[in-house]
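Think of it as A, B, C and D in the order they're written, each chain with its own count starting at 1.
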Amino acid sequence: MNIDPQLTRILVALVAILLFVAANAIVLVYVERKVAGHVQRRPGPYEVGFHGILQPVADAVKLMGKQLVTPGDGDRVIFWIAPLLAFAPVALCLLPITFGPRTYAFDIDLGLVLILAFAGLNVLALCLAGWGSNNKWSLLGAARSVAQNVAYEIPLLVSVLSVALATGSLNLNTITLTQGTWPWQWNWLINPVAFGIYIICAVAETNRAPFDLPEGESELTAGFHTEYSGMGFGLFFMAEYANMLVVASVATVLFLGGWNGPGAPGWWWFLVKMYAVVFFIIMLRWTFPRVRFDQLLNLSWKWLIPLALANLLVVAFIVKL
Amino acid sequence: MGFIRETGNAARGMWSLAVGLKVTGKYFLSPQITCHYPREVLPNMDTFRGHIELIAKPSNPAKSKCIACGSCARACPSGCITVIKKKAEPAPAPEAAGQQDESIPAGQKKKPPKKTAPKEPSLFALDFTTCSLCGQCVQVCPVSALRFSSAINLAGYTREEFHYDLLQRLAEQAEK
Amino acid sequence: MMTEPLQLETGDFYSRHFEKGPREDTLILNMGPQHPSTHGVLRILLELDGEYILRAEPVLGYVHRMHEKMGEVKTCHQYLMNMGRVDYLHALAWNWAHVGAVEKMLGIEVPERAEYIRVITCELNRISSHLLWWGAYLLDLGAFTPILYAFDDREFILDLLQMVTGSRLTYTYNTFGGVVADLPGDFLDGSLAFAKRMRERLPMYKDLVTDNFILRGRVEDIGHIPLEMCVRYGATGPVVRGAGKPYDTRRAEPYSVYDRFDFEIPTSDRDDAFGRYQVRLAEIEQSLRIIEQAVTGIPAGDFLNPKAPKKIKLPVGETYYAVEGARGKIGVYLQGDGGPTPYRVRLRSPTYSNLSLFSEVAGGILLPDAVSILGSLDLVIPEIDR
Amino acid sequence: MSCPRWIKDLACQCRTECDATTYGKDMNLMPAPEQLRPAAAEFLRHGYFLEDVTGSDMKEGFLILYHFAHFDLPGRYSLMVLVPHEDPRLPTIADIYQGANWHERECYDMYGLIFTDHPNLLPLLLPAETDLHPLVKEEKKRRLLSSVLPLCRFPGIPVEKQTAESTGEDAQ
């Protein structure tokens, strides 16, 4: 029986992407702790392996070694679905991303819609985790994560829409092609407001840096993943980094010209830009205190959404000319 | 009008965030200042007060200046010092004692002059688990026979490992 | 096989007292005794409606060691070491309070040089306490880096004080009639070097944190403690100075040689968490000024009054001696009956009164604000529980 | 040290002036238990804040001291109330000075003093189940009021000198 070549291509791409994401998650854990160390003028992980290279591996082994504990009269099923659900959509989100002129998994016309559809799934995982662990603190964390993600989904969509409107297509490949090779031809200078809004929403969407309220350690003693230990916590941890990858790669494709670059355009330019965005997000975490919850929502509903809509209008007006 | 002021605040706010990022960025690139403890040791470890130790006599490094008066044991708030005075030799040399007996008429039986106990501790133990390094013993010692050691890297598996016999420690130091 | 959950009797003595009848949709929450932002073993019972706090009730006693009974059993010399353990962040001020009370009662007079040494070491200790408060407060608000920068500066002070006293946190350096040991050679110019370095670092604190847009949002306009509330609760220190009243024991009841130094008492007119924040940062500068004046003006002479009695027998009578600690007015009240041990020792700890106003301030605020207000009160729980 | 006029004519059983240099206090006032609340209200009205509430166990009974100080005016004043051992009951001032709420709960912990109509008189520092009052002294250790605080005169308490032997003997 003949298997549709398209299907094999997608399956191979999915496996490649999962490997890419897993490898990157491990590397990002190491990079984050090293960056945190250097910002705080200390070496960061140093003991395990040369300069702490094997530290993430040691952490992973430790997390796998731990006993899988379900909190007393917590809902066992929901409790263990949540981490899996947090990690699942990541591979699908990276599917339509065009890493290089030829290296892309799946060239479909509605790539952007696919990504944004699955990006919203992450909040369901946090909500289930909070509810399933029968812990007052996680409940508060879950409630916060739902409100936060809902509030920041809309400006994200609208800012991405304004870029898609300007380029006239939702296909990531054409979006990359329309941006030239030089930085000033990329969208982040053509449409800076959308870029700013996108970055803020991206950081809020992945619960990072000043917006890490669902797992605000100092208030909610670790928020939704209070009761998780071992691989449950490990999966949430990996999911957070994977989502960061997704968000950074979408940012590079839409605003930083994907694989275009002054020298020979190719997937290496894409990686350089992606890691630059990831580095920026990490630096945010080690500089700013946490935003209060009502300020977080006010920022989105009162500032970002009107701004994004106004930007959309302006872009539409310019496109019409 | 309020809207203009709001955007003004927001702009200044964004600028302050950028300044914050500049500060951490600057420190990200500046050298580290921490000391890798097992490999490097900070230079000022000798001024740190470890547990107390006996000071040796200038004449004989194996003997301590302590006269076993026990005032440090009494002064210690947590009672972690035990000092036992050395006993006099039990049997004075037989002929010396016997000879004095005849010379004294039987009526006034004077006790033979007991050999005075030497002013030295036979045991000077410190229970470092309850010591709080307050220094009362060092201050109150009449012959200032105690001082703070700079023994800092103390680790042990059982509580007994922190019961120090300071005389033995002094003897070891004497050999070194 | 499902292990059926243990039948724990819900709540303990305090939470049962805290419940007031049936509740429709509020949530009783135990913040503490293990909680990342209660700076020790403080437990606060909260009744939450969503994230808004309806009622808050601190529960104390988790680190209570009965210091006052120890005061009645130990002699005055032996009790010195307790002082360092009551408030380990500003141990030298507590040392000074107890030593000052006994000196006042016995009339022991302290030589000039010892007074200057006490001022310098106490002010250094105050700066190290404020630095740790600053770092921990930012940690409560979610910024992980400032505490490392604060500890970078604080290490200099700890090294200086270790050079003099031999320990880094719980000092027993002041004794009756002076100080235990004289200053080593390089201490004075070490503290001058520290003062210079600290002055260069303070603008960084301002850039990274004080002007930060997010921090302002988290700290401004919450935890209003007006002066009238400070009077009803007896709050002192940065809490009352944050409410605008320049009340500082070093000026209100001048002790030792503080009247020789000119330094202002920083206050702020906004009586909220940010006001207290500004007051403490300004106090670091004032302490630097005192240190510099004291270091230049320190006379030679003996550091311990030779006639200070070796055995202390408290005379009949009572005395109250107050010292300005980093968190407020520290008071030691002694009653003597002529015996070697005091008849009654009462320790007035500032954080005890500062925290007692929390349940009134915490009505109707958000949970993250409660964390921010607790941070702005600069709590040290062992000092509350004694 | 000039005491303000209104303190001099506060209703209380008797008062003694003491110099601040050795005692750190300017005046001890000894109100009767029922005169305590008006005195505290008077202090609050003049803006004095309550520093602390201290209990002390004497032969004649429990002596409770309230120390007051002011943010502007120098000087510290203390109210002293004597309560017999058998019925350690005195009115609370927690509704006048909310700061006294915890202090009084602590005195309840340490001495077993009952503060009538205190909002929530629960143990503050000691574990709730045990009913022990650690700062209460054994009978042998208690001292006469005059031998610890010679300046305090309470009507009805004879000011006879504590016999010499008991002050000198070692408390250990």
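Keep in mind that, in the parts below, contacts are C-beta pairs under 8 Å (C-beta built on N, C-alpha and C of every residue); 3 or more make two chains touch, one makes a residue touch a chain.
Quantities reported herein were computed from a predicted structural model and do not represent experimental measurements.
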Between A-C and C-D, the pair joined by more C-beta contacts: C-D
Most central chain, Cα average position: C
Mean-CA-position distance for chain D and chain A (Å): 64
Chain centre separation in whole Å, for chain C relative to chain A (CA means): 43
Between chain D and chain C, distance of the C-alpha-averaged centres to the nearest whole Å: 26
Residues within chain B bordering two or more other chains: 17, 20, 23-24, 27, 33
Junction residues of chain C - those touching two or more other chains: 145, 149, 152, 208-209, 212, 214
Shared-contact residues (touching 2 or more other chains) in chain D: none
Pairs of chains satisfying the touch condition: A-B, A-C, B-C, C-D
Contact set on chain A toward chain B in their complex: 35, 37-43, 46, 283-284, 286-288, 303
In the complex, chain B residues that touch chain C: 12-14, 16-17, 19-20, 22-24, 27, 33, 44, 47-49, 75-77, 132-136, 139-140, 148
Contacting residues of chain C [partner chain D, same complex]: 12-14, 17, 60-61, 64, 66, 68-69, 72, 101, 104-105, 107, 227, 230-236, 240, 245, 247, 252-253, 316-322, 329, 331, 333, 335-341, 343-344, 346, 348, 352-353, 356-357, 360, 385-386
In the complex with chain A, residue positions of chain C that touch it: 5-6, 27, 29, 35-37, 50-51, 138-145, 148-149, 152, 208-209, 212, 214-215, 217-218, 366-369, 371
Touching residues (chain side chain D, partner chain C) in the complex: 21-25, 44, 47-52, 54, 56-57, 65, 67, 69, 71-72, 74, 76, 78, 97-99, 101-102, 110, 120, 122-129, 134-135, 137, 143, 147-151, 167-172
